[in-house]
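Naming follows writing order (A, B, C, D and E), and every chain is counted from residue 1.
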Amino acid sequence: MNAVQSLAHFIPESILIVTGFLILVLDLFSKPKRWLGWLALAGTTGALAYAAATIPGNTLPLFYGYFTIDPFSVFFRITALVIITVTILMALAHKGTPPKQEGELYALLAFIGTGLILMAASTNLLMIFISIEFVSLTSYILAGFEKHEGASNEASLKYLLFGSVASATMLYGMSLLFGLTGSVELNGIRDALAGCGNTGPLLLIAMALLFVGLSFKISAAPFHMWAPDVYTGAPTPIAGFLTVGPKAMGFAILLRVLFIALPALQKEWSSLFAVLSALTMTVGNIAAVSQTNIKRLLAYSSIAQAGYILMGIAAANAIGLEGILFYIAAYALTNLGAFTIVIVVVNQSKSEEISSFAGLAKRSPFIAASLAVFFVSLAGIPPLAGYFGKVLVFAGVIEQKLVALAVIAAVNSAIAAFYYFKVVKEMYLTEPADSVPAERPFPAVLATAIAFLAIAAIGIFPAPLLHWASRSLIF
Amino acid sequence: MTPIPLNHFVIFSLFLFSIGLYGTLTRRNVIGILMGIELMLNAANINLIAFSRYISPNPETGQIFVIFVIVLAACAAAVGLAIVLAMYQNRKTVQAEDIHILKW
Amino acid sequence: MAYAYLIPVFPFIAFLIIIFNGKRLKHQSAAIAIGGSLLAAAVSTVVILNTLKGATYSHTFEWIRIGTFSLNFGILIDPLTAMMLFVVTYVGSMIFIYSVGYMHEDPRFSRFFAYLSLFMASMLGLVLSSHYVQLFIFWELVGLCSYFLIGFWFEKPSAAKAGMKAFITTKIGDVGFLIGLFLLFTCAGTLQFKDFTPEFLAAKTQAGGGLFALAAILIFAGACGKSAQFPLHVWLPDAMEGPTPVSALIHAATMVAAGVYLVARSFVLFAQFPQALEVVAVIGTITAFMAAFIALTATDIKKVLAYSTISQLGYMMAALGLGGFSAGTFHLMTHAFFKALLFLGAGSVIHGTQTQDLREMGGLFPRMKITSLTFLVAALAISGVPPLSGFFSKDEILLTAYESGSRVIFLILLVTSFMTAFYMFRLFVLAFLGKPRKKIHAHESPAVMTVPLSVLALFSAVLGIPGSPYWNHWFQGFIHGGHAQEIHVNLFVVKCSVAAAFSGIALAVILYRFLPKVPEWLAKIFKPLYLVSYNKFWLDELYQLIFIGPFKKISQLLFRFDAVIVDGAVNQSAVQTVNLSALKNWFDQHIVDGTVNGVAWITQRMSRILRKLQTGLIQNYLLILLLGLLFTIVIGFYR
Amino acid sequence: MSTLSLIIFLPVLGMIGVLLTPKTEVQAIRRIATIVSAVVCALCTFLLFRFTASQPGMQFVEKIAWIPQINVFYHLGVDGISVPMIFITGLLSLLACVASYGIKERVKEYFALYLLLETGMLGTFCALDLFLFYVFWEVVLVPMYFLIGIWGGPRKEYAAIKFFLYTLAGSIFMLLGILALYFASTPHTFDITVLSVNHAFALGFQKLVFLALFLGFAIKVPIWPFHTWLPDAHVEAPTPISVLLAGILLKMGTYGFFRISYPILPDAARWFGIYMAILAVIGIVYGGFVSLAQTDFKKMIAYSSVSHMGFVLLGLAVFNYSGFDGALLQMFNHGTITGGLFLLVGVLYDRTHTRDLSSFGGLGARIPVYAGMLTVFSLASLGLPGLSGFVGEFLTLLGSFVTYRWAAAVSCLGVVLAACYLLWMIQRVLLGPLNIQWKSIAEINRRELFTLIPLLVIIVFVGIFPQVILNLFGPTTHALVNALGGISQ
Amino acid sequence: MEILYFFAKTGFYATALVTLAAAILVVTLRNLFHCALALILSLLGVAVTYLYLKAEFLAIIQILLYIGAIMTLLIFAIMLTHRLTDRSVSQTNRQSLPAFALLAVFNIFFIASLAAVPWKINSASLAAKIDTQALGAFLMGPYVFPFEIISIVLIIALVGAVILGRTDQ
């Protein structure tokens, strides 16, 4: 489809881009900047509404195939828009953004939303690289947004360095893949590989190099080392965003690469991801156990969650893939909800230590209950959304008879429950230091409510989402 | 005429890549690390162009890819230096070993 | 005789009325209890009269049915049942009446009668049972009542302990009983009494069920517990902590006889397997002798009677074990009356003197004439002085022993008979004759106590007659279901028996009435023997040493095992190691305060290692990235 | 809404009601919770009477597609195995609710969680879909964590997290087993009734799945050596929660064997029978010995549960009519008896604030009604004939004797030990000279009696007329035994 | 002609050697300023390599854009580190040995694998001539979308650099 025709299907992204530029412009003339956030919110909501209302049933290779709208990318497009909407709400609730820079923050968030969708809609190596760099570059900036905070600087810098090395490595892998197959189109790569049948060892090296970049994006061990530091140092709303947004889209790309371009190597990569999955969840969970900083705990938790999602890839069967999509949606909502609560609490206590959650249940029962529900969902306890995601990926693994992985994951789930409940314990079982109820900014309440209701609804009626996920598996 | 064998380009780029990676791993200075990254990107670029020329049915693919890579590298350099600058303002250091308040 | 089920119902109703209205009823509860027992006695009388005419009755209903397996409970009335009914209702009623006087002052008067009624109901239920499991149920219930009544004065720690000891000791026997029942059931496929006929057993044995003897012996274990047979007899002397009427009713006349009843009831089974019978005989003989030997030196009036009871129960067991079905049951009946009488007499003495120590008594005869006389009757009866009841029943046992061919058992039983006479009269002399050894304000008990004494004395005196040659051994025929038994009188045995009785009496009277120094002197000469007797063969101590102590040890050990090993071996060892290091604080904070099992500990440990990797230095991260890359490649290659 | 759904979700409605009530309105909150529990209890009783015992199949079936993509159904139904459990759950929930009036802190949260717990428990016993079963199974977990953790004793946090993690770890393995079953079946299904009929799984597979499920169930029961969470949880939990824990939660484990492991994995079940019997016997004897060593009243009862649940397991291990019936009956009985004992411990603890057995003594004279109650429940617990405990133990032992003579024989030691520790407990609490400290201790009050009398009635009734309840589940268990190829005796 | 090719080939290998040598200097020299110079040399070498691959436009881009960017880098480096570079401490950290070892392993793997690769040389492409005009047409044609996206990225980078880089007291 040519560029002009394509624009008709590019409206949600256009809305975001226009919103971004509009904010950048308005920012110059406006002293109070808060309303710009609401403007951004309006933009993302509008984009979301439009995207949700116009779901094309077939595959649309927009812009000469550089932006593919298919059920798969639609799923991630809507996920991305939800993520970015909630992130803007979080940013609105967060205290600590330098007032001067607020406008740019919302603009960047609007832009990064576009970047996320690009990632999901990329079907060739070029667009994959560009969109990843798009999101990464914006993320580097966002992570360092509170530039007077040493931690924020450091997070940003580490993210940049690690991200750039990973990107360069990935690019090197891409170049080899290009050389081995003569194509940058995922379809072309598949055809080339299917044709030759004999997959040389260099292909494996290329694949490994490529996976470095993708694994960096989804923070799979051992390419996760940046994640805890960055999530801890970045401003909380950004940290929340980073744990879900780029990760979710990273999975989207990974799925496309694996299932479109590299089905010929399925044996190789499925066992590779089985190992990475086990390693990732184990590392994430075990490291999380001894954390005392809530953001850091959530950072490791999000690493572990990536490990669970990888189980679906290791399984590489229908239910596992449905599980991945389902898991990503559920996990995104839950984690964003949890970070929202962290914002609320940290706004007041100024401390990110878990001890600042002490007795929260008495001070602000609703907030505490919400966080408890989020953690229960993350721990995979029914009947909440997180549970069903976990069941599906477990199911995928079991169907493939990867018993060892299943057992490792089971043990990990128990370990995970321990640290999630460490926080729950702090909220419910420990006496509060004071009885001042936490301040509840409206955007935070809204974000929490969205997350809460969504995960409860998905938990009790998982069928629609599952249905959607299974329908979205058409690349 | 016999063109230069493709493998020679690949090996050349491999070495360049390795040297760049080595630099990122060992330079104490953040700017040094960034330089290493540039070398790695260039290595990839050589590959892309070489393969584009030798293998791809669409010989422009690699070149255009490289153009985008170079632009993105420039963007990354800009952002990276901005971050380094912000860092330097706060912490008065650009030594990688001093950047470790975030750990564990 | 369909109304027979009413027999246990009356006392049970009495129990229900009293237990729920105890506070309101106060002393009226005695009337209700006595009413219950008398009604039971009345109905029993009708039943017994019917039985005497040769009628039997059985009725069953289904209690539990699981698939093809069912437990059909019901009522079985045959001569043996009739005899037991007679004993239980008559002796029981007398003791109920007696208790009104004895317990008059007690604050838990009504509670006492409630328990007594419950016991009566359970005991009657036991007697009427037509099925082993049904019997077992009532068997346990009488045990429970015994537990309650022994510990009736539970403020006394010794009483509370005695109750527990009784319950647990008998429970051990009961477990044997229960396993025996299971075994019997698996062998025979039924547990109905009436199914066990010699033909049936013979058929089953032929078919290959060879475990019957073991089942019988295990059932006998239950009887051992209940009837205080060696080695489970240790609870009975302690059970004397209960009020004396309880001792009389439960621990002399009825409940302890239930073991004998059980063996008698299962006699067909035992008779089929000589090995089982042998065990019964040997245990009975040992018990008879041992208990009598201990009784020689006991100084507590009730303890003497308790050992005497054990000894007499051993006698009965021995009789059954030697094949003397009628001899054993006959002695059961006569013993119930005279032993109840003895206990009640002793109770009267205790009531009158407020002491149980023989060494403090003496010279009660003039002050407690009725008590003394009735006691004398009972003592003569138990000693086997003709023509009182005990003579005939005991004589038959000795005859059985003699004819069984086992001379050793015969001799031992004979010696036991001698000792019985001796310690009985030692007791009688010490308590009633001579001069008071201490200032005690003895007085005769009220009529409500002495009248039952007199009635029981009457029975004790004449109850031997139905089984005597004068009635042509009518009782023996009756108990065998109307088949007249050929029993020839063996004059040698009679002579021996009479000689033993009289010599025992004479020796006791001489030693304790006229030569009071000699017993002490004898005790010194035969010091080892004396000590053995006085310390009851050290069995309590032995049990403490080999059972109770180790059990407690095991339980403590297992508890510690549970806390230490099962509950996180790693964890605990971790505590130890970590205590040594400076990590203690960390440990307390994270482990003791958070989690505590081994997995958690390992997790924490690994967590720390992982934290070490997370140095915060970006280049370390990058190095790991490179490692990861190689790792990935290697996995790809060597998948 | 149909009966079962109503039973299951009424508590949730009640929870919402409680949540909507201001937290200062303590009376109203209690009233809502009590009324809801009472209605549920009434419905459970209704269910008990409307249930047609002679039919072995499922009744009151409800089946609605829940997650059609993976064949998950909201599938409820009851048979003879679940009906008694549902009944006792309804009953104990009501009684424990009344017993919860003693809770003074954070009442609103308490009752909200309490009602959620009730839903989970009832749901577990009604679910006929493995997926649904697992959901309800886990729903029990979270409220329980809070109920122990917030309202528990001094070491509540430790006990709560230990309970939580231990059970969770087990149940995740159970989930793996469930998923394996799903994939092994063709067409893929979670339906317990379908899986039970259609079992052509290979033995190796069965064993593996059985082990996975076993881990989940065994921890819940708890089977030795997975029991160590139990004493801690019991000791720290508030009285009503201990009641539910002992009375119902433990049964969920053994129920799982009856409902899932056995019908679906018959070959593995038979293969593991002997090992289960061994564990059962160890549990019985071990629990008895360890109970004997306790000085803490509650801990003693807790360990006695290990012993008593051992009997259930023993009955389960023997594959014959009397074994299974005995096991089920023992489950039912243990619920009533141990529930009652925990209530009684609570009554005493409320008055004395100690559970140290050595600090009591002679209370029998001071509070005779309480003493009577404690005695009767203890006697029932030690298996006195005439009370319900005996029948269960008897049938279990009888059944096990048929299959494993040695197991039955050794287990009898547990019977003796039960007598030892319970009577010793009675002696230390009720008998002996009165400890002067408690000379003005108050007699058990009417509310507390209300919580005990129904249990007492059941204990006596079942003790005397066991056939009534045996009829209830007999046809179902016998059908199960037949399906397992066990001995029809 | 042959000799010309020979020189051309030799020229390529010489360029490659120089490039690699310069790259090694980049990662080993102590003085950051010297490193930057070496980097320029190295990038120039890459540009020459592009010429060998008949990508003249790319070579120009490489020189203009890359060297431009590097100049910026250089300026910042000097600006920020003129005090730091004088330190006589090593500019490499303690990881050099493991890094070297791991990279050596990687290279061995790589080269070993490389030998086995049957490159499918496309002679049509080899012969094809891609001039600047054609590239421009491609960029404005099928590649317009990535091109537009890149422009957004550039703006973002610009905004980001401004936000993070500006000093606002």
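Operating definition for what follows: contacts are C-beta pairs under 8 Å (C-beta built on N, C-alpha and C of every residue); 3 or more make two chains touch, one makes a residue touch a chain.
All values derive from a computational prediction rather than experimental measurement.
Engineer: Listed by label, which chains are in contact with subunit D and with subunit E?
Structural biologist: Chains that touch both subunit D and subunit E, as defined above, are A, C.
Engineer: Count how many hops through touching chains it takes, at the least, to reach subunit E starting from subunit C.
Structural biologist: The distance in steps between these two chains is 1.
Engineer: Note the shortest touch-path length, in steps, from subunit C to subunit D.
Structural biologist: The least step count works out to 1.
Engineer: Suppose chain centres are the mean of their C-alpha atoms. Which chain sits farthest from subunit A?
Structural biologist: Computed centres place C farthest from subunit A.
Engineer: Out of every possible chain pairing, which has the most C-beta contacts?
Structural biologist: Going pair by pair, the biggest contact count turns up for B-E.
Engineer: Could you pull out the chain whose C-alpha mean position is farthest off from that of subunit B?
Structural biologist: C
Engineer: Work out per-chain C-alpha centres and flag the one nearest the whole-protein C-alpha centre.
Structural biologist: D
Engineer: Roughly how far is subunit A from subunit B, centre to centre by C-alpha average, rounded to an integer in Å?
Structural biologist: Distance between chain centres: 26 Å.
Engineer: Please work out the Cα centroid separation of subunit B and subunit D, and write it as a whole number of Å.
Structural biologist: That pair's centroid distance is 65 Å.
Engineer: Averaging only over C-alpha atoms, locate the centres of subunit B and subunit E and give their separation in whole Å.
Structural biologist: Here the centre of subunit E sits 6 Å away from the centre of subunit B.
Engineer: What's the distance between the Cα centroids of subunit A and subunit D, rounded to whole Å?
Structural biologist: It comes to 43 Å between the two C-alpha centres.
Engineer: For subunit C, write out the residues touching at least two other chains, lowest number first.
Structural biologist: Where subunit C meets two or more other chains at a single residue, that happens at 594-595, 599-600, 611, 614, 616, 618-620, 622-623, 626-627, 629, 633.
Engineer: By the touch rule stated above, which residues of subunit A touch at least two different other chains?
Structural biologist: 126, 130, 133, 137, 140-141, 144, 147, 156-158, 161, 165, 169, 179, 182, 201, 204-205, 228-229, 411, 414, 418
Engineer: Please list all residues of subunit B that touch 2 or more other chains.
Structural biologist: Those would be 6, 10, 20-21, 24-26, 33-34, 45, 50, 52, 54-57, 64, 68, 72, 75-76, 79, 83-84, 86, 89, 96-97, 99-104.
Engineer: What is the complete set of touching chain pairs?
Structural biologist: A-B, A-C, A-D, A-E, B-C, B-E, C-D, C-E
Engineer: Residues of subunit E touching subunit C in their complex?
Structural biologist: These residues of subunit E touch subunit C: 93, 95, 98-99, 102-103, 105-106, 109.
Engineer: Flag every residue of subunit C that touches subunit D in the complex, lowest number first.
Structural biologist: 62-69, 133, 136-141, 144, 147, 151, 154-155, 157, 160-161, 163-164, 167-168, 171-172, 175, 178-179, 182-183, 185-186, 551-552, 554-556, 558-559, 562, 566-568, 593-597, 599-600
Engineer: Residue numbers of subunit B touching subunit C in their complex, please.
Structural biologist: On the subunit B side, the touching residues are 21, 24-26, 33, 96-97, 99-104.
Engineer: What part of subunit B is in contact with subunit E in the complex they form?
Structural biologist: For subunit B paired with subunit E, touching residues are 1-4, 6-12, 14-16, 18-23, 25-29, 31-32, 34-36, 38-39, 42, 45-46, 49-50, 52-60, 63-64, 66-68, 70-79, 81-86, 88-89, 94-97.
Engineer: Write out the stretch or stretches of subunit E touching subunit B in their complex.
Structural biologist: Against subunit B, subunit E makes touches at 1, 5, 9, 12-13, 16, 19-20, 23-24, 26-27, 32, 35-36, 39, 42-43, 46, 49-50, 52-55, 57-58, 61-62, 65-66, 68-70, 72-73, 76-77, 80-81, 84, 89-93, 95-96, 99-100, 103, 106-107, 110-111, 114, 117, 119-122, 124-126, 128, 130, 134-135, 138-139, 143, 146, 150, 153-154, 156-158, 160-165, 167.
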